[in-house]
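Two complexes, one shared chain (chain A), two partners (chain B, chain C).
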Partner chain A sequence: MTATRCPEPTPTHAAASSAGIGASTLRPDGILKVTGEFAYSSDLWHEDMLWGHTLRSPHAHAEIRGIDVTEAVRMPGVHAVLTHDDLPAATHYGLEFADQPVLAKDRVRFHGEPVAFVAADHPETARRAAAKIKVAYAPLPPVTDEASATGPDAVLIHPGRHDHRSDAVPHPNIVHHQPVIRGDDGAWAAAKARADVVVAADYEVGMQDQAFLGPESGLAVPAEDGGIDLYIATQWLHVDRQQLAPVLGLPEEKVRLTLSGVGGAFGAREDMSMQAPACLLAMHTGRPVKMVYNRYESFFGHVHRHPAKLHYEHGATKDGEILYVEYRIVLDGGAYASSSASVVGNAASLGAGPYDIPHVRGEALALYTNNPPCGAMRGFGAVQACFAYEAQLDKLAAKLGMDRVELRRRNAVGEGSLMPTGQEIDQPAPVAELLRRVKALPLPPERDGGWGRAAAGEDVDVRSLPGGLSNTSHGEGIRRGVGYAVGIKNVGYSEGFDDYSTAKVRLEAVAGEPVVLVHTAMAEVGQGGVTVHAQIARTELGVDRVTIHPADTQVGSAGSTSACRQTYMTGGAVKHTCELVREELLRRGRERLAHRHPAWLAGVELVLESGKVCTHDGEPIADLVEVLGEEPIEIEAEFHHRPTEPFHPRTGQGAGHVQYSFCAHRAVVEVDTDLGLVKVVELAAAQDVGKALNPLSVVGQIHGGSTQGLGLALMEEIQVSADGALIRNPSFTDYLIPTILDTPPMPVDILELADGNAPYGLRGVGEAPTLSSTPAVMSAIRDATGLALDRVPLRPEHIAGHVSG
Partner chain B sequence: MRVTFTANGREVTADEVWEGESLLYVLRERLGLPGSKNACEQGECGSCTVRLDGVPVCSCLVAAGQAQGREVETVEGLARGEGELAPIQQAFVEAGAVQCGFCTPGLLVAADDLLKHNPQPDDADIREALSGNLCRCTGYEKILDAVRLAAARSAAAGTGGAV
Partner chain C sequence: MDFLRPATWDEALAAKAGRPDAVPLSGGTDIMVEINFDHRRPDALLDLNRIADLREHTREGDGSGAPYIRVGAAVPYSTIVEHLHGPLPALALASHTVASPQIRNRGGVGGNLGTASPAGDAHPALLAADAVVEAESAERGVRLVPIDDFYTGVKRNCLAPDELIRAVRVPVADGPQQFSKVGTRNAMVIAVCAFSVALHPRSGRVRTGIGSAAPTPVRARAAEDFLAGVLAEERAWQRRGALPPSAVREFADLVSGAASPIDDVRGTGDYRRHALRVMARRTLAWVWDEYRDGHGDGYEDGEGAGACA
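Take a look at the complex of A and B:
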């Protein structure tokens, strides 16, 4: 491409420190990011590009009676207006089921559903033209909850639905339903009868948004061969292409995707957003097309975390042995399936939490409604359940008069425990140890003499109080609380999915120096995969100069940057491929240089270090470059994790998960009980990461995940009107994410207990901290206020006026 | 309309600017300075922070015409020269304050401005000064580390606020 701004290879050795695994090597893209030169998907530019825009439905549910584009087409500067009838090939797409229309035809099913695409020479022209399109809607009553979705006269969201789950579901408005049953009926009845203490409650989790900062954006460039080049911020290039090619009516090899700079993801880039419109408009006009959502549109342009209603019942002996748990988790999937079915699988299989409970009756389901579509977000179905089961454990401890941590410790799973699915945890599961560690940390000091004295007129820094600079309290009504929580998350794709990643590694001599080029399709979304891949290549090949090729579809799939799987999977692929490169190199050495040193033929282990081939004791026997010769070694290979099984449709039994990951939190809060305002004073975490390939990045993941969990506890919710299913707060003015003032110090304690199945023993880290952070904060508020607090996010009115003196 | 102003010490001119365009749009789309980011275009995230006549502003809320004849400093102007990062930039890289990096340009301008006015801020000062800049990835801990690091280095070097 000429006259464009687009992704370039990233040399990693010049970036700063260069080292192998286990070191806190600095990000290779860090310098570009601090100078402003890093090209994000919204920074791309092409000489004669047009701007794309999407017209979206103002109704959550309506029939489309007609669309008139006449005025829009006539506007100067407008180059294309596309509606459903202009689509050239496949009209629907989707991650798991192809149920989502590229453009609505005769019915819209959610607020913000795309109805038309416009291309113009200025983004404002495109917006104005879209506003001139006349759509005749006949509004329909929206389906908004379980009662309206599955009641006797329920309107079907997808009549005539036909997908791989449709035959098994109890109602066509249920995307997927997964029961989990452990223990037979007789034992179940006996367990219930034996319980001395029972705790049962209903819980609710609001709809959270990923709120990545870099908006959905990209640039589509029509190519001379009739294909298309798309520069895009996504989590999985190949699955985008797989959905995109049929919509464009092109063979996959003519749809070439290159990853551009990604401004965060957190699940929201698993589904496609502007990929199809940008490509369709580019093909239609023959011009490059750029699309960038603004924040308002972003709230309509991607799926959210499923809001959930949960019912839990736990029964225990008076000594605190949990005998049984019963749970029902209802997730609102909104209008289209996205990854709802997999979210259901997680919610059901992880719903009992990291506790060894002999009798389990659980189920999870996702609904089709006219609410905004929901899908992947960090924690993926495990977050909602963790809030509820940890609240249950708090209440159970209170009822038993037992220490909250002790009750958890007593029932915690460990290595060798069985999950409710019957799967054995065949790897370290240090749940009790993580809790012990967070509990043992020193508590942040309380104000001398408590807050009472401050209220009496002493000068205080209000910035450290609930309400902060709003100056709502000088200490009056403030109470401190401490809370704990722990969670369990699966790592990687589950339920029999053959999850794999691919890496191409090239070793060559450049100007007498060995150089490695690592090429994968892994989406670097901020997590630091590029750093780790270079570290792995250095460790495995003993070469300092490692360059990371831009991620694109010219190499095999890397799978998604989600489910904490990339370091495991693509890191695993880089490691595996480097090992193959090393084997080939040593083969050459034995062939060419065997006469020079006996070690070549002695069958002893040879290692690569600092550009040399060495014996195990570190004696150099040859220069890597000399062994390599003129001809580079280039190998592309796949890495698969161990196979998993689908869950049984009626019992949920099956070894469905690859790996588990655990994190525990302790939260300390101060609550203004008069106004219902909360200040989190400290949020400490302990997590087992198996092996920290890059400790700095690992801590960064735990901090980020913990903060998103804090957001869910206290502020983050997409508010959807109950009657109209309309999003009421699509802005950062009204959808609040934690600022630096809302976020407390977050000490992190990292445990490294290797998982023998995983590359280097590592464990996925990104999601587990998002689970336990929310319930830990809520537990602390419960401790401060004595209230049950069965809903997140918490609102001031849930506290104010309810706390007894 | 035509808009002329100084960007990072260099006079720049943009032609055919529509009156409704923001300073952010003109920098990014017309002047080849996409370093300032567009995370919300609603004045809520700080990713577009630039200095306008020395004062930090959200450039998404400044109409392009308002910049006429004035001085604008963006993230691209922070580095001291080819290949030499400003201390605050270096500190962000070293402290691990950058993940996706989308918040980084705005935070750098805001943090640089803080250190100019308050070379030795305590944590409460840092939090207050950066409270208009959202970051979704880091939980801010490493950003605090970076600002502390830059402040400590300037104290050690005796450069005061000249970071």
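Take a look at the complex of A and C:
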């Protein structure tokens, strides 16, 4: 293999005693990343390589009448042009449903759908050749919303659809539909009749993008055995391989994937992007093929967060006891299923929020439309619901004349509560406590005498005001608001999926020192698995030197780096495998060294600390290296979480989730009520993480998740034209993500209430803060403006001109 | 693609005369984006980065009584912010809102004028300050183009194919100036709309500039005339009293009325009109307060206006 800058093992060296779990050890790749040295997948290079490019549909919905590649093929430097008819084996793929064509055949279903692949000796040549391909399109009217998708004459996006959900759905343009019903009809009617106060409203959530900074990229190298080696930035190597092998017509063992440097993921790398084209072009030409999307293409090259329309109704007694909730969540899945069905499961089962509500009538569904395909993004179906139910709680509190936090705390779930699915929360669920904590924090000081004085001529630093450097206000029109929100997110894959991970751990003596090699297929996408795995190995094996092997498919699956599951699952697998290695080591010790110390045979617990085998009281009885001898110990083992159940198709009942995680936020904002501009002054969070394996990483996750939620509240939206289903802003010029000036101080309060089912008691961290941050910011803006604000992202025109004096 | 790298200004003019299709390259923060996205495929690039003069700024015209700063076409925004905020307050404020520090270290006013996007942040400030563009060709020499005549259409300007921008002459402020821009995030944002106002006490004039709310950057002439009229009538330049609220409102309405905004991904036309009204009201209050407080001691204010009143 002559590929340069391909992934290398990451050695780490730190004292096992002080750099085990619970320590804030630093990322091994941190300095490389901030200094620009880190090799991302877009930096891969191979002698002799070609560049791949994708021709994409300019229409959201059209028939393909013909494709003429003649001119493209003739261009000098072009090595291959592939269309649907050139596909060697399976023609469709997908995460949950194989409904997505590798290349469109006679119909394109979304703006940007791949129509042809080109390989050339230069990326520019490939692009130009693609532009020379003549595709005869006959545009069709696009299906864009629930009315056009399920109306009487609706065009079917996938006629003749046949998948594991197709028999159960109310309409073929519905990917999946999940009701959740708690309480029988009689009780429901009675609860409705008892309600003193009812709040009902419609909400809307725009299409957010993951906006990772390292666009889709990778390098496919054809191998001598007829197989292929793919170096790739992804979230789950094995699921890529599972989808790729049939498309390439190869057995899985001939499709070898190695994780390359990943520049962020947030769900956008769960589906395949350039994997299939790079491999197909490499196999077709017999040459290595590299593909890198640019920012523009990236907006078309991955799924987004489902935009949603939601309807909620809550009824409560005048004392603030919530009696019932009714909700309907319509998610737009776009042209292909991706993970829409699972997103529906989450939205439906978590739609009532972290509240103990005795009567629930909820449903969620995802549509097939001609809008851009949507799938996984941090928060996965729980984000949209959280925005709506938290807005409802604000309105309910206002109507009851109750404190917003008090109303939430009164109705909060706790350990032992039942979810609307009937699942008992059999772990700590400190929702009320998290709210109490964020509320108890001191408020950031207001400017002396308010901003009015500044407007009256005092010098101000405009960076601290809405509009920032744009210099729109020196204090005029500014009002402060405070808001609260809390959310509930599941951790791990749900609904009966056997979601396991694998780790291979090798313990050996190198130059008289014990060394551990940890090998998993876990995708490090920035979450810090590489840091935490080394910490776990140190804690479990008492070894300072731990090397993290590059992730690849030469070891069993690690599952996806998503659903907050990797520390739990692959961390769990590393822990479990280390325990097996320790057992083997101690077995060797008993066999070889029993004569040296009575503790070996006394049946007492022996621990590994700082390269030694010790008794429980810390007395060293042997050197680890001596016990180990010449022969390394290498074990590969799987870790499975406790099983879950599917949700009942009509009632949604079932113990569907592995674990729940909770985060609460308090947002303080300043709003320019005349211009509709917002400055978030502070965004405080409190979260229960079970056990912080690496507190610094935990805080980083909470900061990142909170900021992504702030982005959804205030600016992040892929705008799709209503008539044409075309993406209007595929660039960072007009798809805005928060800058450091938009990112406020974010105090974080971490609780560690152990979950007895989880390794070390830990709880997945990365998603919960993304849920509650959006509604907290919106709640604060509501507080400042008095407006309902039922849509995110907020736009200035939703405020400007609507706020009364 | 040919890559021309003249070492001197004269060589650059000669090169442009010989290859009128050659596209000048200054900071590259517009042109490289276009090339990378294949929106534009010039046959030749004319790299101006070897010409150090273009990165210089000098104060001139003191003798004439109308001093100005001659800002080289490639003077980066960061230099304008740091060194020219005194004499050119509106342009410095506008420069500070452009993009990020990295872009401000590369991009400059010459490039902003070259692109002539209605969303370019320098334009409202140049309009308000009454700048003059120094265009030059090998054949015809220097041509001084008043900023009012510079913008000819959406992303079009009045440069001839053989002309290059040498510098912009921006009059030293003789009164308070402001610049304000609306964007949906607090930094690094393309304008939804922008507004600049400059008081010119010496001539008794008021000038404005509007960005991102019409096919080209425009002035709100009716608003300027109205306000100058009120100021003259009330002898406000001399009295330095408070402005009548009705006049401020009328000014803001006229500014808003001067725009012809469209709905696009960045905002609606209605919002742009509204925001212009708010920015006009606020920035007028800021400049007038500054004038009243005599913060403009550095300006050669008052005299001229007094004389013509």
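Everything that follows uses one rule, which is that the second predicted complex is superposed on the first by the 794 of 805 C-alpha atoms of A that agree within 3 Å, B and C clash if a C-alpha of one lies under 4 Å from a C-alpha of the other, contacts with A are read in each partner's own complex, and residues count from 1 in each chain.
Please note the rule applied: a contact is a pair of C-beta atoms (placed from the backbone, for glycine too) under 8 Å apart; a residue touches a chain by one contact, two chains touch by 3 or more.
Since the model is a prediction, treat every value here as computed from it, not as a measurement.
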Name the contact category of A:409: first (chain B only), second (chain C only), both, or neither.
-> neither
Check the residue A:436 against both partner chains and state whether it touches chain B (first), chain C (second), both, or neither.
-> neither
First (chain B), second (chain C), both or neither touched by A:122 = first
Between chain B (first) and chain C (second), which, if any, makes contact with A:472: first, second, both or neither?
-> second
Classify the contacts of A:733 with the two partner chains as first (chain B alone), second (chain C alone), both, or neither.
-> both
Taking the superposition as given, does A:447 touch the first partner, chain B, the second, chain C, both, or neither?
-> neither
With the two structures laid over each other on chain A, which partner does A:706 touch: chain B (first), chain C (second), both, or neither?
-> first
Identify the partner contact of A:592: answer first if only chain B is touched, second if only chain C is, both if each is, neither if none is.
-> neither
Regarding the shared-chain residue A:679, is it in contact with chain B (first), chain C (second), both, or neither?
-> second
Chain A: partner with more touched residues, chain B or chain C = B
Please write out, lowest number first, the residues of chain A touched by both chain B and chain C across the two complexes.
-> 124, 294, 296, 463, 469, 733, 738-741
Chain A-facing residues of chain B, complex | 18, 20-21, 28-29, 33-42, 44-45, 47, 74-76, 78-79, 85, 89-90, 92-94, 96, 98-105, 108, 124, 126-128, 130-144
Contacts from chain C onto chain A in the complex sit at residues 36-38, 93, 96-97, 100, 178-192, 265-268, 270-271, 274-275, 278-279, 282, 285-286, 289, 293
Where on chain A is chain B touching in the complex?
-> 5, 16, 24, 26-27, 29-31, 33-40, 42-43, 45, 122, 124, 210-215, 261-266, 292, 294-296, 461, 463-464, 469, 525-528, 696-697, 699-700, 703-708, 731-733, 737-741, 743, 745-746
Partner chain C, residues of chain A touching it in the complex = 124, 127, 294, 296, 457, 463, 466-474, 476-477, 674-677, 679, 714-715, 719, 728-729, 733-734, 736, 738-742, 795-797, 800-801
